[in-house]
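Below is the structure I would like to discuss, written out as C-alpha cells.
A, B, C and D label the chains in the order they appear, each numbered from 1.
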C-alpha cells in the first residue's frame, strides 16, 4: 500500500515539535537527569508505528518519546511525566527512560538491549492471545553487541514469533563510533540467527515504509521475525548537554576545559611514548571532529526530506504545520498547568 | 605440517582411559555430583591442544578433563580433585566443573558460555605480555545461544585478539536437540561477527588438525580470531547417570517409572486436546529415541577412526595401548592412596 | 491424606493451576524432558523449551506477564540467574513502580537451589537473601511438599514477580539429576519430612509472607528456611535433651518477611539463632537482626550460615553449610552468654 | 595541600599507579572520550574502548587479571552490572576458592553509583550491600577526594576483586554527564566536602577495610558510607544543637567491614543509626545490626535507607533517599525510646 505521506509528515512533525519543547524545558531545568531525543529517528518510528493495529506491542529503548506519541499516548501525560509530576503518564515515577503505557502495550527500558527480550515476550503473548498482532523492538546499532538482544533474535526465530527488530543505526553509541566496536555486519548477524535482514535509508520515509510493510506482513502471516537496519542521525547528539554536544556548539569555551588536562597528559613523565601520546590526542580530536560532523550537522533530516515531497501543495502544508504547532503549544501549556488538587488530600 | 598420529592417538587414548576410570569411580560413589565426560571429543581437544605452546591459554567448559590432561596437568592431581581430596589439583575445592591450573593458564567454568569471555581475557593479556601466544575457548553448540559467548566473539574481533573459538557440536544440549533451539547456522553467526568460520568433522583427527593449524597460524600472526565448528558425539550422554542415559541402558526399568505419570497426564480432565496430548507423547518418545540413537550409540568414535589409521603397525599399537593402560592404572592407584599426613597436623 | 514427594507436590499443584487458568505458560531449558507431564497434559503452546538464553527468555517472560500471560519460567539452578539478573533487577522488580502502579508483572521464576550433594560452588548456592534485597521481588522457599504445592499456588496468584526456590535435597527430580544419577553408591543427608509428606487432594494457597512455627520452645528461637529448617529441628530435639527448649520458625517466605511471627517468638525467648544456607553477610541473617532490634526487643543473637564459596569436597561442604553440629554449638553458646 | 575534585583525585591516583605498574590496563565503554587523559598518557594498548558488551568484557577482565594484567574495568553505572553479574558472582568472586587458593583475580571494577539528580530508578541504584553479599568481593565507596585516590590505590594493590563505586553527586564528571549537562538551571544537593577537598601530591593507599570516624559524639553512632556520610554529618551538627551528641563513622569499605571500629563506637554510645543509600532490606543496614549483636553489645537500633525503587520525580526521590530530615527524625526517635 502507498503510505499516506501527509499523515506520516504530521506524525513526524508532531513528534519533532513536541521534542523541541522538551529540549526547551530541559534547558530550563524543569526536566531532570539525562534526556535522549528521538529527533532524527522520526521516519523510522512513523514508518513502523503508523502500520500498527490494536493489540500490537512496542518495546522501546531510551528514545521512547516519538513511538509513544505516534502510538497515541496523550502528549500532556507524557510531558507531565518528564516534569516528574504525579499526574504524569507514570505518576512521575518513571521518567523519560522508563515510560510505560499499559493500554498501548508499550514498555521502555534504559538498559541497552532490553527491548529485544521485551518484544519477544510481547510477541509470545500476542501469538497465544491476540493472533495476527506483532511486537516491535526499537534499538540502536550499538545495542547489537549486547548479549540479551542477540539471544532474543535467536529466541524469536526458534519460537517463530512476530517480532520486528528495528535497528536505528546512527553510527554512534554515546561517544564511540559503533563500527569501531562492531565486527562483521548487522545483516549477516540477523542471517546468522536465521532471520531475514534488510538495510534501508531511515531518513527516507517511503523506502522505509515499504520495508516495514513487508516485515509487518511477514509477522502477521506467522512467517516469523525480521531485522531492519535503518540509517539515521541524531542532530541533538547522544543526549542533551553531553560534553561533546557542548563542544560542538561552543567549541572555544568547552575545549578550553578539556585542553589543559589533555596537554598535561602529553607531557607528564612516565607513560606511553610521545608518538603514541600524540596519536591518542589525534584520535580524540578526530572523534570530536567526526561526531560534530556526523551527528550535530547531519545531512538528511527525515522531516525536511518528507516536506520536500509535499511542498507542491504549499498551502496545505502551511495549514498542517500551523495546526501541529498550535497543538504542541496547547500541550505544553496544559502540561505546565498547576497540578489539580487531589480530592483525597483535601477531605 | 603433518600431525604425528601416534602422538595424537596416545593423547586421546590416555584421556579416554582416564575418563573410563573416572566413570568407574563415579559409579562407585567416590566422586560426587554431576559428571560430564569429554569422551567423544578427544580428537577435537587433541587436535588443538597438541598445537599449543608455552604461554597459550585454555578456557574450558564443563568438559575440562581431556584438555587439561592433554595440556600436561598431572592426572593424579586431577583425579584427586574429582575425589574431593585436599591434595587434589584445587585442594578439593573446585571439582570437575571448576578446574584451574595456573601454570597451564587453564580455567574452567560450569556456566554455559563463560569460556568465550575467558578466552578473550587470556588472549588480551597474551597480546600485551606474551606476543605470539593465543587462547582457546572450548564450548558446545548449545552455548552458541548464550549472550556472553556471542558478545565475546565480537569483542575478540574488534580487539583483533588471537582466540580460537572451538565449538564441539554434538547436536544436543542436555536433552534438547540443539538445532530445534538454534536459528540460522553457526558459521553464519561467526561471519556476522566478522570472523572466519569453518566446519569440520571433529571425529577425524587429520581434517580437524589441519583446520586447527590454520586457525592457530592466523592467531599467532595477529590476524585475529577464528571460529571452528567441529561435529562430535557423547557416547556417555550429557552426563553420567542422567535419566535419559539410564533409559538408554535399561529401557524397561527406567521407562516404567516415567510411563505412569505420563499416561495419567494424557487422561486427566482439563488441559490440551487429546490430539495435542498424543502429539506431545510422541515428541517425548521421539526425543528419547533420538538421543539413544544419536548419543549413546554413536557412529564415529574418534579413537577408533584414528586407530584404524595406525593398525598397519599392530605391534607398535599394542605396545602403546598397553603402556597407556598401565599408566592409567598407576594413576588411579596413586590417586587413591591414603592422603599423606600433613606435617602441620601432627606437630 | 495422600503422601507426595516434594517435586510431585509442586507439579501437582502447578497442574491444578494450569488446568484452571489457561494463561499460565511454562518455559525454560529442557522442560520438554524435565516437565514432560505438564507438556503432555497442557500441550506445546503452553510448555516450551528454550535455548540456553536465560537473559532473553527471562526478559521475555517479563513482558509476557505484562501482556496477559502468567509465565512460570524455569532457571535450572538459581546460580544461573546471574546471566539473566538484569531482567529481575532492572525490569521485573521495577516496572510496577516505574509505571506509577499502573502495570504489574505477574511472573513466577522457578529454580532449584542449595547444596549438600557435592556439586561445587557454582551450582549449589542459595542466593535467596541476595534476591530479596531487590525491592519488588517476592522470594519463597518451601521446606515440605505441602508448602511446595501451597506456595506455588500462591505465587501463581501473586500480582508481582515471585522467585520460587526448590532445594535440591528436597526435590527428588533435581537430586536425581545432579546428585544421585541413579547411583545406589551415594547418600545424602536428605530431610525425610521435607522430601515426602502429606499433600491435600485439592491444593489451597499458602499465603506469601506467612511463616510457620514448626516447633514450640521457650529458651531460644531458631529462624530458618528450606533445608535449614530440618537441620534446626534435628538440632532442637537434641538440644531438648540438654535442657534447652527451642522454638523453630520456618519463614517459608524471605521477602516479604513475616515480621509479626518473628518478633513474637523472639520477644518470648529473648534469643535468636538464624540458620541460613545463604551466605552469611549482608543477607537474611542480618535482616532478622535488624527487624528484631527495630521492634525494640532486647535479644541475644547468633547465626549459622554458609561462610564462603561452597567447597566441592563433600566433607568440606558439610562444614561450610549449616549443619546440626554447628547449630547446636551456636545454640549452646547463646545460652551460655 | 592541593585541592582536587573527586574525579580528578581518582584519576590522579590512577595515573600515579599506571605510571608505576605497566600491567594496569583500563577498559570500558566510551573510555576513549571519558578517560581521555589516561588514554593520552598511557596509550591505546592500555586504555581501550569496548563494545556495549558488559558480560563479555567483564568476563574477559577476570582472566586478564588471572594471567598477569591488572585490569580496571569500567561499568558505566553500577545498575548495568546486572547484565554482567555472572562474571562477578560465579567467576571473579569464586576463582580463588575454586583453585584451592592457587589462583587469584586482581581485578578492579569501577562504576558510578547513587542518586539525587533525577535520573530514575534504573540509573541511580547503590547496590553496594547487594554486591557485598557475595563472598570473595571487596566493595569500597569513597566519600571524599582523598579517599577516592587512596582507595583506588589500595584496590590496585589488592590480590582479589574490588568494586570501586563513585557516587554521582561527588564525581563531577558523572554529575555533569548525567545530571547537569552543562545547565545552569539545575541544582543538586552536592556535599561540598565530598566533591572537592585536599589531596596529597603523592598518593598513599587507604587500606581496604578501614573505617574512619568523621565526627566524635557520645549519645549515638551513625554509620554510613558515600554521600550518606555527608548527610549524616549535616544532621549531626543540627542534632548537636538539640543536645544530642552524635558520632559519625564513614565505613569507606563495605566488604570487609571494619568490625572493630563499628563495635567500639556502638559499645560507647549504645545507639546505632545506619544511614544507607542502598535498599533497606537484606543489606548493609541489617549486617551492621548483626555484627553488633554478635559482639554482645546491647543496643538501640534504627536505620534510614532507600525504601524501594527510586522514583524519577526529584521531589519523591529526595524523600526516598536518606535525607537530613529523615536522619534527624530517626536519631531523635532513637534517643526517645
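As a working rule, a contact is a pair of C-beta atoms (placed from the backbone, for glycine too) under 8 Å apart; a residue touches a chain by one contact, two chains touch by 3 or more.
Please read all numbers here as calculations on a predicted model, not as lab measurements.
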item: Chain at maximum distance from chain D, centres defined as averaged CA atoms; value: B
item: More contacts between chains, A-D or B-D; value: A-D
item: Centre-of-Cα separation between chain B and chain A, whole angstrom; value: 43
item: Between chain A and chain D, centroid-to-centroid distance (C-alpha), Å; value: 33
item: For chain B paired with chain D, centre-to-centre distance based on mean C-alpha positions, whole Å; value: 41
item: Sites on chain B at which at least two other chains make contact; value: 90, 92-94, 98, 109, 111, 145-148, 151, 154-155, 158, 180-182
item: Interface hub residues of chain C, defined as touching at least two other chains; value: 45, 50-51, 53, 55-56, 79, 82-83, 86, 90, 94, 97-98, 120-122, 309, 311
item: Chain B contact footprint on chain A (complex, rising order); value: 145-148, 150-151, 153-155, 157-158, 180-186, 188-195
item: Residue ranges of chain D touching chain C (in the complex, touch as defined); value: 55, 79, 82-83, 85-86, 88-90, 93-94, 97-98, 120-122, 129-130, 132-136, 254-255, 257, 279, 281-291, 293-294, 296, 298-303, 307-309, 311, 337
item: Parts of chain D lying in touch with chain A, wherever the complex brings them together; value: 15, 18-20, 29-30, 32-34, 36-47, 49-56, 79-80, 82-83, 117-123, 176-186, 309, 311-316
item: Residues of chain D touching chain B in the complex; value: 23, 25, 45, 48, 50-51, 53, 55-69, 86-87, 90-91, 94-95, 97-103
item: Touch list for chain A against partner chain D, complex; value: 26-30, 32-35, 81, 84-86, 90, 92-98, 109-113, 142-143, 145-148, 173-176, 180-182, 239-244, 246, 258, 261-262, 264-266, 268-273, 276-277, 279-281, 283-284, 287
